[in-house]
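A quick write-up on the structure given underneath.
Order of writing sets the labels: A, B, C, D, E and F. Residues in every chain begin at 1.
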Amino acid sequence: MAKRSGKTGPAKAKPKPRVSAAATDDTAIVALKLPAAPLPPDMAAYFAKCEEKLGFVPNVLKAYAFDPAKLSAFVAMYNDLMLAPSGLSKLEREMIAVAVSSHNRCYYCLVAHGAAVRQLSGDPVLGELMAMNYRAARLSDRERAMLDFAVKLTAEPWRVEEEDRAALRRAGFTDRDIWDIAAVAGFFNMSNRVASATDMRPNSVYHGQSR
Amino acid sequence: MAKRSGKTGPAKAKPKPRVSAAATDDTAIVALKLPAAPLPPDMAAYFAKCEEKLGFVPNVLKAYAFDPAKLSAFVAMYNDLMLAPSGLSKLEREMIAVAVSSHNRCYYCLVAHGAAVRQLSGDPVLGELMAMNYRAARLSDRERAMLDFAVKLTAEPWRVEEEDRAALRRAGFTDRDIWDIAAVAGFFNMSNRVASATDMRPNSVYHGQSR
Amino acid sequence: MAKRSGKTGPAKAKPKPRVSAAATDDTAIVALKLPAAPLPPDMAAYFAKCEEKLGFVPNVLKAYAFDPAKLSAFVAMYNDLMLAPSGLSKLEREMIAVAVSSHNRCYYCLVAHGAAVRQLSGDPVLGELMAMNYRAARLSDRERAMLDFAVKLTAEPWRVEEEDRAALRRAGFTDRDIWDIAAVAGFFNMSNRVASATDMRPNSVYHGQSR
Amino acid sequence: MAKRSGKTGPAKAKPKPRVSAAATDDTAIVALKLPAAPLPPDMAAYFAKCEEKLGFVPNVLKAYAFDPAKLSAFVAMYNDLMLAPSGLSKLEREMIAVAVSSHNRCYYCLVAHGAAVRQLSGDPVLGELMAMNYRAARLSDRERAMLDFAVKLTAEPWRVEEEDRAALRRAGFTDRDIWDIAAVAGFFNMSNRVASATDMRPNSVYHGQSR
Amino acid sequence: MAKRSGKTGPAKAKPKPRVSAAATDDTAIVALKLPAAPLPPDMAAYFAKCEEKLGFVPNVLKAYAFDPAKLSAFVAMYNDLMLAPSGLSKLEREMIAVAVSSHNRCYYCLVAHGAAVRQLSGDPVLGELMAMNYRAARLSDRERAMLDFAVKLTAEPWRVEEEDRAALRRAGFTDRDIWDIAAVAGFFNMSNRVASATDMRPNSVYHGQSR
Amino acid sequence: MAKRSGKTGPAKAKPKPRVSAAATDDTAIVALKLPAAPLPPDMAAYFAKCEEKLGFVPNVLKAYAFDPAKLSAFVAMYNDLMLAPSGLSKLEREMIAVAVSSHNRCYYCLVAHGAAVRQLSGDPVLGELMAMNYRAARLSDRERAMLDFAVKLTAEPWRVEEEDRAALRRAGFTDRDIWDIAAVAGFFNMSNRVASATDMRPNSVYHGQSR
């Protein structure tokens, strides 16, 4: 029989769908029972804007919504890091997010930010490469230096030293850029852990985006 | 601005496609220059069957084709392990393939066999979970025991002992099934390394399959 | 000669002080040149309050002060996590901070939060134990379960599962407490990395506090 | 008393032989009960040849013999990799086998292929060095580069990149040689795991060979 | 409220001292019941000298005192390594002790030898840096090379090779110095393990010394 | 051709002996130039006794002989640990030595103490198993508990806790035995590092002993 003949051949009987491994993702966001709190007006407006622009509220926001102070602090930090002006493009920041989340094998962040890389780059394969092994991607020297720093900082923060910063400077990054690389990598080291600790499930809609 | 507002919003300017990280995947399969050899008749027929059934010849086969003896041995072992009768379903074998390849962060195998999991299961999310972190998937006890064994065998083969086999037996696996789990996990520990050593690139077509 | 006779004996010649390994800590806070920005009024008031209450502004705040939005977001998240009402005492939150920072070998956080554990507990030795190896401390079952979770989440977030949450519940933690343990552990996984990436130096005053 | 005086001195009372740790190695080859299958004629002839030439059938072959298709595929791949023409000598291929098996601490493969290194090199110590720590051996630059690649590919396949292939080329290896190094290293990463998963026991005869 | 306002502020209510994590350190030295043996005269004199010069007998000596032969052998080796003439200063030897003990997270040795570094250097911060992360210290090239070798030898002894010795020679160390670095690092790899295996507790007096 | 046909077949042309990887072992004991010192009388007598009883002086003793104080301290500690009365048999102590040295991949100690295990046990295979992977050996519960403790103490001393001591007590060990297991494991963690740091070469005679 042909290798992998069962995978895509038209003659093949349609596989019986298994109960989906992800069927309830959008209803049970975290494995903790956290009583809902009313959204304060600014956060309610923010959620409405998400619905309007994205078509959905990212589950991480719903997960934090049990406590308005935590939700606000998370949103403020996230939006500053990922969306505010920076020497790093939004795509570069999302690439860091996914490469860090790949090291930490964080399901939530890989799904949500893998979709972001696909969307921002217009390159579905780039999203896969960041999630699977960024070292296998064809990257610019700048991108590679950035991800090497972010992943070393993730894996062995105690080994990051002046030489690592110097490598970023040689690749053209300013000191402010270095801060931003560190801050984004740091942020996802936090988010990966909150997501893993709570078994956070991504919105199903991410899976098909920008493929 | 809304969190992730840039990702999918309709008002958003279309991102300028970056030069794809994967653009040349189908032309440069491995990072080694290996002079082509003529395919022997049985392998030529096999490649033709792949084209007919899958619409393409998987790149791993093209990579091995420089040497007919190596190609034949690989195909024989692969087809026996993944397609011959076994107490493990084809989907289970592909789940092992992807979970092992995830531990080893093998780009080629994650792409090719991630597609197989999506296709065989009819569940795109299951493919993602196997590639990202199988521990985050909602699995049956049987599936979980199988993958725990395969991944431990991948990460720390020197620590696999009778208790590990006993756990598989408690989950309902026969001794023959245990062999098959070990053999599939072992095979992908080989293939992951051949692919990583040669920078093997998967066929682009896999990326969009069964999403 | 007596073992360690040279260490504390009164007859011993006073050692010639070496140029201190930390001499310039308070002047060069990070290894990045980040142009100062004027503090917005609320942050200026906050710094003044630190001076008044602590006698100094913690260096991490000065490090973030180059960008008011980043400073505000950091302060908001920090204060919510470490000082707002929680099922975890402030000491417990600081114990998590130090145990996580010990795993990550973060000099800044070990110094600053080691001092906090000493001060809040009234037990200088507890601060040392958290910084050196929390497993060697005589802890309550509750404290031990809390730190085991936080450190596993730090070391191998991808392995944290329902059983880990169940262990916390058995130790008496509520689901909200579990969130807080995860969020504090996550936060220091972020801060450890920002500090390591920038070679952040703690205020010298911490070293002698509450010994 | 003399250091180690008890180890080899002629005056020493003969130690009472302990029940051997390996006494039943040749009768219970794997820790799985796999019903025997009749050997197909070509494999029966192959086993007979082993008996004639080696004086025994290697246990790994007996282990695979429960399923003729698996046995044939294993033998075909093994013989191609280890015995067919290659830019690597047979000894070099066995050195890779043992260095990889040492990383994976595979008892079966270390015993069987350690014997092969001793026999092919005429140097018993070389076999020990490959099994214990290849870095301690006095190797040619070519041998060292080959083993560094094979062991890195074993330990961290995700980190193997163009620079690693370039190091092999600098040591004089062709691209075809690189394939062969990768394929042999990959094969033993498979075999180590099948052996460890099944607690495969080597033929006792290997232990004394070529000492 | 001000960040960290609770830590040192004068207005703050004094924290209720928790039962100390270390309260019984000086009474229960190890977690093994080892019947006391009478000290032989030379060791009794040695203990008396410790009392006179240090004001106490280090707990590690009391722990070994159950067996005079073991005590004598330990004292002889310790005193030779740490106090006898060497190309390494006593402070350098103590820095190695603490950096090795930090890698091994040994509570006893970090406390006792951290105090020694503080005392010998006259620099309390240097003691903290050695215990927390020697890479964050401002060290001379000589000190850094010495500690890099000692910590690599601790973490991955199998990877230490001629290049590592060459790096020490380039930093000005003689072959005899290299022996001493290795011997001190080796000794603390032993002591760390004896201390961890027996839950050895340091004398409380160390904590406050030379702060 | 038969698998492994080249290894032992009588028809096979004798392999051309390669320049031995170990040829100069007995002349160049360590990779450091350490000027020889005259042996003090007691050590000269000890070396003579080794010659008489073993037929050679173990290279580790020659390596330490550059400094009589270091040699004496090493011999005193070694002989107490390995030869003095203990609840552990001499074979058990040598099994610990080899299992620890296997974890640390120390060529010198694996060769010298592997020979000791073969000699003391009368079981050549047991020596191989200790050097390759003690988990693959058929051991008594007592032996297994002893080696599990010793190897955990080697790999992760910071994780050894009361539960680990309790496991030894359940296996029948006294507290004094636990000390001895820890002390022997600790000693070889020292010796392994001194040997690896200096590239110490074992006497060639060990290789063929008790096979």
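Annotations
To be clear about the criterion, a contact is a pair of C-beta atoms (placed from the backbone, for glycine too) under 8 Å apart; a residue touches a chain by one contact, two chains touch by 3 or more.
Note that the structure is a prediction, hence the values are computed from the model and not measured.
Counting steps between touching chains, the shortest path from subunit B to subunit F takes 1.
Although subunit C and subunit E carry the same sequence, what matters here is overlap: shared residue numbers make up over half of all numbers found at their interface.
Farthest from subunit C, judged by the mean position of CA atoms in each chain, is D. Subunit B and subunit E have Cα centroids lying 50 Å from one another. Taking each chain's centre as the mean of its C-alpha atoms, subunit C lies 43 Å from subunit F. Each chain gets one centre point, the mean of its Cα atoms, and the points for subunit D and subunit F are 23 Å apart. Shared interface positions of subunit F, defined as residues touching 2 or more other chains, are 105-106, 133, 158, 161, 199. All chain pairs that touch, listed by label, are A-B, A-C, A-D, A-E, B-C, B-D, B-F, C-E, C-F, D-E, D-F, E-F. Looking at the complex, you find that subunit B touches subunit A at residues 1-9, 11, 14-18, 20-23, 25, 46, 49-50, 52-55, 58, 61, 75, 78-79, 82-83, 90-91, 102, 105-107, 110-112, 115-116, 119-126, 128-129, 131-133, 136-139, 199, 204, 207-211. Every residue of subunit F that touches subunit E in the complex is listed here, in rising order: 31-34, 66, 69-70, 72-74, 76-77, 80, 84, 104-106, 149, 153-154, 157-158, 160-162, 164-165, 175-176, 178-179, 181-183, 185-187, 189-194, 196-199.
Across the complex, subunit F is touched by residues 133, 135 of subunit C. For subunit D in complex with subunit A, the residues that touch the partner chain are 158-159, 161.
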